[in-house]
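By letter and in written order, the chains are A, B, C and D; residue numbering begins at 1 in each of them.
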Amino acid sequence: MATQARPDTSDSFASRYAAVRQLSLAIAAPLSDADATIQPMPDASPAKWHLAHTTWFFETFLLRDHVPGYRAHDERWAFLFNSYYEAEGERHARPRRGMLSRPSLDEVRAYRGAVDAVMMAALPGFSAEALALVELGLNHEQQHQELMLMDLTAAMAENPLKPAVWPAAPWRPRPDYDAPRMLHIEGGVVEIGHDGTGPSTSLRTGFAFDAETPRHQHVLRPYQIADRPVLVQEWLRFMDEGGYADPLLWLSDGWAWVQAEGIEAPLYWEKGETGWLRFGLDGLQPVNPAEPVCHISYYEADAYARWAGARLPTEQEWEHAARMSDPDAGDFFDAAGPVRPKPPLEPPRIEKFFGGVWEWTASAFLPYPGFRPTEGAVGEYNGKFMSGQMVLRGGSSGTPRGHMRASYRNFFYPHQRWMFSGLRLAKDL
Amino acid sequence: MATQARPDTSDSFASRYAAVRQLSLAIAAPLSDADATIQPMPDASPAKWHLAHTTWFFETFLLRDHVPGYRAHDERWAFLFNSYYEAEGERHARPRRGMLSRPSLDEVRAYRGAVDAVMMAALPGFSAEALALVELGLNHEQQHQELMLMDLTAAMAENPLKPAVWPAAPWRPRPDYDAPRMLHIEGGVVEIGHDGTGPSTSLRTGFAFDAETPRHQHVLRPYQIADRPVLVQEWLRFMDEGGYADPLLWLSDGWAWVQAEGIEAPLYWEKGETGWLRFGLDGLQPVNPAEPVCHISYYEADAYARWAGARLPTEQEWEHAARMSDPDAGDFFDAAGPVRPKPPLEPPRIEKFFGGVWEWTASAFLPYPGFRPTEGAVGEYNGKFMSGQMVLRGGSSGTPRGHMRASYRNFFYPHQRWMFSGLRLAKDL
Amino acid sequence: MATQARPDTSDSFASRYAAVRQLSLAIAAPLSDADATIQPMPDASPAKWHLAHTTWFFETFLLRDHVPGYRAHDERWAFLFNSYYEAEGERHARPRRGMLSRPSLDEVRAYRGAVDAVMMAALPGFSAEALALVELGLNHEQQHQELMLMDLTAAMAENPLKPAVWPAAPWRPRPDYDAPRMLHIEGGVVEIGHDGTGPSTSLRTGFAFDAETPRHQHVLRPYQIADRPVLVQEWLRFMDEGGYADPLLWLSDGWAWVQAEGIEAPLYWEKGETGWLRFGLDGLQPVNPAEPVCHISYYEADAYARWAGARLPTEQEWEHAARMSDPDAGDFFDAAGPVRPKPPLEPPRIEKFFGGVWEWTASAFLPYPGFRPTEGAVGEYNGKFMSGQMVLRGGSSGTPRGHMRASYRNFFYPHQRWMFSGLRLAKDL
Amino acid sequence: MATQARPDTSDSFASRYAAVRQLSLAIAAPLSDADATIQPMPDASPAKWHLAHTTWFFETFLLRDHVPGYRAHDERWAFLFNSYYEAEGERHARPRRGMLSRPSLDEVRAYRGAVDAVMMAALPGFSAEALALVELGLNHEQQHQELMLMDLTAAMAENPLKPAVWPAAPWRPRPDYDAPRMLHIEGGVVEIGHDGTGPSTSLRTGFAFDAETPRHQHVLRPYQIADRPVLVQEWLRFMDEGGYADPLLWLSDGWAWVQAEGIEAPLYWEKGETGWLRFGLDGLQPVNPAEPVCHISYYEADAYARWAGARLPTEQEWEHAARMSDPDAGDFFDAAGPVRPKPPLEPPRIEKFFGGVWEWTASAFLPYPGFRPTEGAVGEYNGKFMSGQMVLRGGSSGTPRGHMRASYRNFFYPHQRWMFSGLRLAKDL
């Protein structure tokens, strides 16, 4: 995480604080108290919990530590809404978060309001160190906004009525896309990581999480990388040709997972009478062949790439190629919604690396050379998860606009797929 | 279940129907949508589900089958709210009932209102056969009222805030009770079971479930049975003297359960700074030494009895002794609440067998000689559960007033204890 | 268990001791060290363990307690070969018995020899109390002989080579049997249990386990009971007509078991190219339509009975009917082998209740009225298993000849089926 | 794996073949049939299985494919002794390998003899392609020799008698060692991987597995690396200072593992009356403070490094440093035994990187840039395991002498620790 904030005035901080906090409420707006309470699996949290936990972050690391005389909104809530910070003490068991019918959604909204009021009053007086924590808190909240969308999708998918949280966006069937174009990229020694120095980030370069640093050199061999992610129409071919049934396409762990779980399609897909359907926050809809395939595991991504005679890019290959692309042009989530992968733009082709779906890479989530976690409780942010997970890059249509950059490293376990995850192919040259 | 109704006029049926249906709503009145949605464990169901399932029972077996032209309130709901009737088709997986944030509590209340309106209109025209099903449906709903109380307690107990659904009733500490008086009862050939003939019940004798029939002869040896259940003050002595730590007191299955689950007190008990506390719908309160011990498993009841140099009564011993007692004088639940075991009445002693806590017996839940389940889908009511469960007798403070009788057989697995379960001692003479 | 021995002289005791001990070795004779070491599931024990545990019983309860100055063969072995006697201290975890490659089979045989030598020398001087324990030890060993056959079958069945421990006995296909004849039996108050007084057994009546006592009165309604168990040919019809696929035939627990385990035939059956095969200690063989069906669970027995429009007999009905039959005429196991259910004898029909297969009854394994377990460590023999299990009656072709009687109560959990278990039908009259 | 063999004459091939095959038998020599049959956990295989599986490898990929007219020793055994080659068809479930009491150890030895006889006769006539497979088979067998030692240790550790397979080597307590010396190593672009070209290896450079190729460039920052692994005396200090109890030292997955498994010491350690003991093939012995700590997981290694203010080296850092060390000088296993980590040599210090214990690195087991698995069934050798595992380097005292080299990549899951695993510290410069 960043130890120094960008040179925003506290005014622009205040407006950004308000905007980010507001977007969380907007996501939860269509939810009932019960919608916001249920937890579909231990990996996912209730919407209400996300709303409260992100608030606990500001209350704990800013108000408690930087606002003299602040008294906790409710002392018992720290136990409920701490996520995983061991240094912050005991906390409620993650798989039981769905038992919290109380506090109610309205009480949590009131909690947000109370904390925001003190925050807004305190912001102008915050030190640079405190402002860096605010910056971290806002990025943290943006991460939870995407988690809220993921977890809500998982929760609604459990309901046999398949309720839609918002209306579906219209789309028209389109003709088949051409195969993706493979971009040829020179190798050599390249720079990887956020453009800061050491574990902190400079004022010039803006915020980054600690795991994106330090910037360092890496040797790349020449490679090819596709100009767009794999589309549903291509995935359907993989399925038709028995991709889920051929052990030789799969990693050993992946094949065990396919067998044990009976996997035969991406998550949230089900067979309808006239073809495959997929569930999303817009309800149960026919799959759109022109969209990037979404909700796949690393195992599936890897098997598809092998089937296609290709491979996944490493995170360094991805990052190096993505520098040519503008994050601000990505398909991201904002208050306008809706949350779903967008089909790639059509000719004239633009090489897009951001938004739509997160893209699995072939890289394990491990520390960069010279990595050091931030000091203090917030230092538990990334480093302790550097085991067993793979890196995804690029952001998705569930990522809030403005949160993404080329050096951004997301990470999940190889079997997980409730995030908005897809893939892009690469090859040796 | 009964195949013939009591000779109520349909008027008295209508008022009783309205009263029973109303009590379910009264139980749910203090609940939020979220409170009514969560499911703490697969054995328990959300309050909303109980409200809907009992309604589904009337909609399916009465309105669909006995009201020509009736159209389902929502055709998709049968899948959600069928509990276990295989003959009624597929149903939603029991452990996922807590995922139903929709329909909302208000929608379920509207469902109840709609079905009740048609029911009230149709009642006067129902055949005797249909009225028998209404009778069954009302008894079924009363059972779910107690389940709702049990399941709500389990749900609220999961919340670290330990919320109270209603205020605690005051109680004053009292001096120690004397040991229970042991009633001496003659043996011989006695009559057991509901006073009807065969699987049905006569008009004279009132409703009974099929499992209480047929009435039959049973040989009893002379025995002693306590005039009241075991109290908390006695249970505390069992705990103090190492009852939970001595394998020789326990059934083999029971000892395995104690070890695997780390059991050391009744369910919902926790150690406070000045003594044991117990959680209930009135919140977390100090245990009351004068109350019957509650929320214990069969294994615990059996171990206690062995520790006390006694044993559990068989269900026949219990029933024969209980005939001297008046069910209507029992401590039952009604709209006045609250739900908690009551201390036994004081001198002059009255031998009470009803209400307060369900009492584990030494008898497995098996068919009586000559038992035949009712025909049709409602025939799945009891018979198919006659495996692995033990009989409890007498009703509890969570049983709705008017639901109990001496022949009533409740049943649970020996490890379960989220029901209002206690014990009464017996001995050979 | 018996507290008094039959009035055998110690001579006849000695010869019986030698014969019983010898039969255990005969069962193990065809086994390699490895055969005798493996454990196919936690419920089953290695042959070597049975050989050692039965020896530990005599070493502990006779030599240690009744032979002054006796020193343990190996002090560390008590930990290994105690089965479940809590009063005898800690013991090796049951599911890890298959890890004991040492001591070797030969070392265990040497252990047997050493203990037997001291036992044979000490027998003439034993008190009546000690002789009662010897009697118990011999009956205990006979039980383990059947367990050894069961567990060996389970172990060999795990081997894809399906090895035969001994050659198959020849059988010729026979024409279809007639339906079983239903014996009509008068009801009334009958005597049930071993013919002793209280928890002990008289000298006159011979040995019985404590659970068979005390003899007591029981009311029987008139009933019918089949003159033979259900045969494979009949079971095949149940399978053909979808018996394993119709939930309405099954107990709720049974149906859950069928679904979870994917049950579609008795244990050890597999589909061959020309019909069903079954594995046994004589290898993989075609099923014999004329044999009693074997290796079924209580759930299967109960479902079959319901499908056949009948029910299982209670243990009292079974015992009362079986008094007309001679245990010594049963199909039991002896040194001549082989172990497999025998087809019922043909006309003139003889009502046989003993041997062939154990027969599930509709009764839970619970204490008889007035039951009291024996004092001391051997008192853990039966009483602590009186929970969750069902009674089987009559012995099987895996029961050693001479071990059976009408009052004998065997017991297993309703889902278990690695014992030689079948069923006999009953009906109300 | 290698596609071309070294320029051995077939004569030297023959003698090496004989020697490697002989060492497997030597390892198994002290084992009984039962010792060689049991399987302590799904990850481990019985010794008998290893002996047969390595033979199946030669029988399948050499005799079947390269010796015209060869007939399988027993056609049913391919099902038993294929490990994981999907292309070779169905195979016996890994967790049930301990059920194979048959074939016996002697039958497996006979199988080895029969295959070896044909192999020795055929070797002179083998093509270069076949010889490359022989080379692979020998390296494969050496890997299984270490697995046999690991799995035997795990099996014997399950026995409460803690049997020793061979006598313990004597050792004398020695004074405390100094802290390890940290070697300072320059960074820069270095060459990593086996010195061959592409997925094959040149005749000049000798055998390597495919995962060690291709050799490629890697950027290293300047770093320090210890001149010896962490010793038991140091690990005891970590334990004394609460290393296993402080969540802030652990990766998130590691802490969950510590909590769930109740970890508080390396595998096979137990508290004796006068200090810690450790089990090995030489029985239960006091821990030797001067030995490298062994049988630790990646999580433990990582937590120790954090506690020590250091980190684990990456596999590239390790390999680059190890090039200065001679594999042939390592503490490896050979027929002389015994198998246990050796204390590091004393002054004059020698920087040893080989033998003793495998050393966890900070690198995930992933393909090198440009990696391509070998074609055909043997191509399943490494690539499909490139998920979720971490790299270990250097070999151990359980690795057969002659099997090791600087580029060798071993890999295990981060929680595993039944291999001979330790760690060496590194730091940034």
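Criterion: a residue touches a chain if its C-beta (ideal position, glycine included) is under 8 Å from a C-beta of that chain, and two chains touch if they have at least 3 such contacts.
Please read these numbers as outputs of a predicted model, since none were measured by experiment.
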| item | value |
| --- | --- |
| Subunit D and subunit A - chains in contact with each | none |
| Longest centre-to-centre distance from subunit C, chain (CA-based) | A |
| Subunit A-subunit C separation of Cα centroids, rounded to whole Å | 60 |
| CA centroid of subunit A to CA centroid of subunit B, Å | 47 |
| Residue numbers of subunit D (touch at least two other chains) | none |
| Category of the chain touch graph - line, ring, star, complete, other | ring |
| Full enumeration of touching chain pairs | A-B, A-D, B-C, C-D |
| Residue numbers on subunit C that touch subunit D, as the complex places them | 32-38, 40, 76, 79-80, 92, 96, 98-105, 155-156, 158-161, 163 |
| For the subunit B and subunit C complex, residues of the former touching the latter | 84, 86-87, 189, 216-221, 247-248, 250-255, 298-299, 302, 314, 362-364, 366-367, 369-370, 380, 384-388, 414, 428 |
